[in-house]
Amino acid sequence: MDKENTPDKLEGIIVPMVTPLLSNGELDKKGTERLIRHLTHGGVYGIFILGTTGEASSLKTALKKELIEITCKETQGQHLVLVGITHTAIDVSLKIAKIAKDNGAGAVVAAPPYYFYLDQDDLFKYYIKLADLVPLPLFLYNFPIMTKNTIEPETAQKLSRHPNIIGIKDSSGNGVYFQKLLAIKTEKPDFSVMIGPEEMLAQSVLSGGDGGVNGGANIFPSLYVRLFEAAMNRDIDLVNKIQPLILEISKNIYGCSPKTSSYLCGVKESLYYLGICEPHIAPPLQSVDAKAKETIVQNLEKIIFKIKSI
Amino acid sequence: MDKENTPDKLEGIIVPMVTPLLSNGELDKKGTERLIRHLTHGGVYGIFILGTTGEASSLKTALKKELIEITCKETQGQHLVLVGITHTAIDVSLKIAKIAKDNGAGAVVAAPPYYFYLDQDDLFKYYIKLADLVPLPLFLYNFPIMTKNTIEPETAQKLSRHPNIIGIKDSSGNGVYFQKLLAIKTEKPDFSVMIGPEEMLAQSVLSGGDGGVNGGANIFPSLYVRLFEAAMNRDIDLVNKIQPLILEISKNIYGCSPKTSSYLCGVKESLYYLGICEPHIAPPLQSVDAKAKETIVQNLEKIIFKIKSI
Amino acid sequence: MDKENTPDKLEGIIVPMVTPLLSNGELDKKGTERLIRHLTHGGVYGIFILGTTGEASSLKTALKKELIEITCKETQGQHLVLVGITHTAIDVSLKIAKIAKDNGAGAVVAAPPYYFYLDQDDLFKYYIKLADLVPLPLFLYNFPIMTKNTIEPETAQKLSRHPNIIGIKDSSGNGVYFQKLLAIKTEKPDFSVMIGPEEMLAQSVLSGGDGGVNGGANIFPSLYVRLFEAAMNRDIDLVNKIQPLILEISKNIYGCSPKTSSYLCGVKESLYYLGICEPHIAPPLQSVDAKAKETIVQNLEKIIFKIKSI
Amino acid sequence: MDKENTPDKLEGIIVPMVTPLLSNGELDKKGTERLIRHLTHGGVYGIFILGTTGEASSLKTALKKELIEITCKETQGQHLVLVGITHTAIDVSLKIAKIAKDNGAGAVVAAPPYYFYLDQDDLFKYYIKLADLVPLPLFLYNFPIMTKNTIEPETAQKLSRHPNIIGIKDSSGNGVYFQKLLAIKTEKPDFSVMIGPEEMLAQSVLSGGDGGVNGGANIFPSLYVRLFEAAMNRDIDLVNKIQPLILEISKNIYGCSPKTSSYLCGVKESLYYLGICEPHIAPPLQSVDAKAKETIVQNLEKIIFKIKSI
């Protein structure tokens, strides 16, 4: 297996990058390039494209291919690129994985298939098959509220013994579950355990976690990098200064609308306001209304002001 | 819009056909042809390929295309062919719909996108867009336990006013919901309301429903046709003779294993035993164990014996 | 066991009676008496007090005792009185059952305990113990959305063999489940299987069910009795005339508010408008707002007008 | 309001005490006394009786009264006693609260009513009413998997402004939710935010939480006190020594059976093995089987051995 673009252990902030889209549904290529530069200048460790925040499930293969190409080209091997291959059909996952490999990405990420309910034996066999077949290191992704299927800690532990499975991102929000994942590191210290919900980033790192895959890092990459480093350095004072801002982003940027797209529009409208990329989202999601967009911008300005004073 | 292969109103038994697969994951073409002949000889009204029972979410596009071609060719325009286009990405749904149209299918079927949570406004706009763009009449498909998203009765009623939306299949199992769907027919009598769970077939038709999309019709097409006709004719005695068999199929063929694949394997193992097609299923589902397969066959023999005596 | 006040088989409309309350939370005794007369004049088969609609979980024992006394006294042994004894603590259930027996009630009704999750073995042993200890025939009550615990059909079948368990009310809304309950009658024909959701009353009786325990019968007892009888007589034309009114009551009386109390306030506000009893509800539920109350009354008037023309 | 037995701020380990029961269902009084001495000698901050672990929902009032009396008497005012008053009927909650006050308890604890679904407005009004009426400081208790109703962070924040509401125990396991609760302390620093699941104790205290209400402290009170203190002192090395034991207790003591009662039997069988109290549990829960009990004891011995070496 070729691991030339993959480090021994993933650690730090990995951005689950949004997919910039034009109003006609095609990729906003210029916006994508600007966004990648914004992220790499912000000091993030890696970029995870085609995840939930990347709206992967809503996009056609051709667009995914374009996005992979641009991202790998822009990062120039200086930053780890992880490519989401989550799909209900394993053949489709393998197809995307091959494109990722051909373009120089460093790893692939797969949440469980999300149509049928699966038991742990189904899930285990599925992941072993996937890990055997993908041409890049595989990162697990637990997100039961979306996929209905949970990768139980015992299953994750068994999977961690596969040489091609390098870590897990947990977006369940379940603190007990996350502690059980951390216990895998006793047996396999270089198995990366990363947190999805940014509200839990600091506490997860203080508990021994390896970093975060946090949506807000699209907007404020360096803020999340600083919080990660503060937690790594056990600088509790700095953690306590940044954590309220993280919660404010969660509440006032992501929570501006009761619509399902509220989080996604919060990130994309912020990036649009910052002049980075277009704000459009793909169906079946529909954008929040004009009033919510206005509130997002107002709240964003307040947060930018506060960040400057840290 | 071309409706030459689509009748004014769907009514009767539509089989949600399994997808016969070889052990290498490719389509079992000979088995597929035999299965289609088995179904049409059984007197079913139509064949619905690439639904949940058809494992659509687990299959690659090339295989779906082959299946559409064979099914349309074998039915020779004598039976309605409905093609499932359910997918999280609308572009992929449209691609399958075009293949269906090009091969002479009569309608397409779409459950809600199943990754993101959607509100009713999202769902409504999604379906209107889909109905505008697909080149065949569109049948709705409600299956919230799989898709997480319910097409609420009010939304279904609004969608029923779109000229290209011709009916709905409900697999929720919710009897209150189904009664509310039936109320749509007051406004639009030719809107077909069909039941998924076969245990509810008789009662749904007695209540005014238009028929069933029932998995067991893969094995025993004429039994389900007879039950449908008995209910249409209000022949309660005959209904009461057949209904216990339907429940026995449900309990003793589909319920032989605690695995998620229990229903699907119940159908496929039965067809294999009957010499119709191969029994393999696609990942991520895993087959039931050998003991369960044996029990399926034993129970099947008993049911076949009982059917003969009706 | 004394079954003098209990018939061999329950059949027809049993009203899950609301508990009329004064604004100070005490029982509205005069209203209760008027309500009971309203129901018995409407021709219902029995009265079920202290169920979900009766807000049993929100009431103290002293008030429950008063209600049992008044109901048993007012019905004067002419109508079956069923008393809800559902509670998380079996000792409390038994205490209420004894009060019911002492006042001449005919049966008790128990949904599963609703704090802990229970497996089917727990549930079975619980119900056997309860059936052994209560001094009146026991009616099962399945309502998983409230209690979290489902009485699976296999468990209900095993319980139906206990001489003191006489039937089951199903409020799950699940049509497949209900068909499986009906199958119990093959083995034990006098086991009563009744439907909770009134939208399913007609179809359940057409399928072989024994009647309904329907909240709307508080307002319009004779309407539900007529629908039951029409379905029993297979008078499909009359069923088709009444069923739209049932759906209209469901939509326009129960659905006037997004609040949890919408159904309960729909019933109680209607009874208040009809001069039968006070409309107050017990905490933790809070009433719908004034606008919703107004809408209830307006919609009620329309429904009363339509009922007259059947 | 009398707060003589309640400190300004709750902080540390509060044991959610099991209720020792005899085989006839009555209180094991001698066992209760031994258990209380075991806990107070272990250095816990307080004792919370009649919670979920205390099987409050399964017990009759007379037994609850006995338990309150013994606990208040045994602790002799040296340890805070919190009494669970969670019930679906507010009158019943108030009755228990009065008994608690009369016996000298320091606070009462209430989870949301758990039969009806409640919106946040219902919940807010319910808790304000309860806080106004109870004669002791009120501690909130969030446990949505049991009660179905979540106290949303915004609601908890509003409730924290009531002078008689002193804190919240969160058993949701949701790490994002817990971080949002901690944010309440910015406005009201003496509002206690405590964690239920012991797997999260260390990380919650490292994040600024005030302590834990952890079931395992019934067995090993001093171990949980040491973990709490290590986290308070930011002694990460000691935390890292104890945390694996906490996870081992969770996995090997609580997880010995698939039955719902597995956690509760894990605690009670351990206490029985240690000679502290009888192991019986109240219906509707049923005990784990003999093999599971044996495994609990074997695993307990291993853990005791490991604890000695810390």
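Just a few scattered comments:
A, B, C and D label the chains in the order they appear, each numbered from 1.
Note that a contact is a pair of C-beta atoms (placed from the backbone, for glycine too) under 8 Å apart; a residue touches a chain by one contact, two chains touch by 3 or more.
Since the structure is predicted, the reported quantities are computational estimates derived from the model, not experimental observations.
In terms of the distance between Cα centroids, chain D is separated most widely from B. Chain B and chain D have Cα centroids lying 50 Å from one another.
Measuring from the averaged C-alpha position of chain A to that of chain D gives a distance of 36 Å. Shared interface positions of chain B, defined as residues touching 2 or more other chains, are absent. Taken as a graph of touching chains, this assembly forms a single closed ring in which every chain touches exactly two others. Touching pairs of chains, sorted by label, consist of A-B, A-D, B-C, C-D. Only residues 173-180, 183, 186, 197, 199-200, 202-204, 206-208, 234, 236, 240, 243-244, 247, 250 of chain B touch chain C when the two sit together in their complex.
Contact residues of chain A toward chain B in the complex are 25, 52, 57-60, 88-92, 112-119, 121-123, 125-126, 129, 146, 148, 258-261, 282-286.
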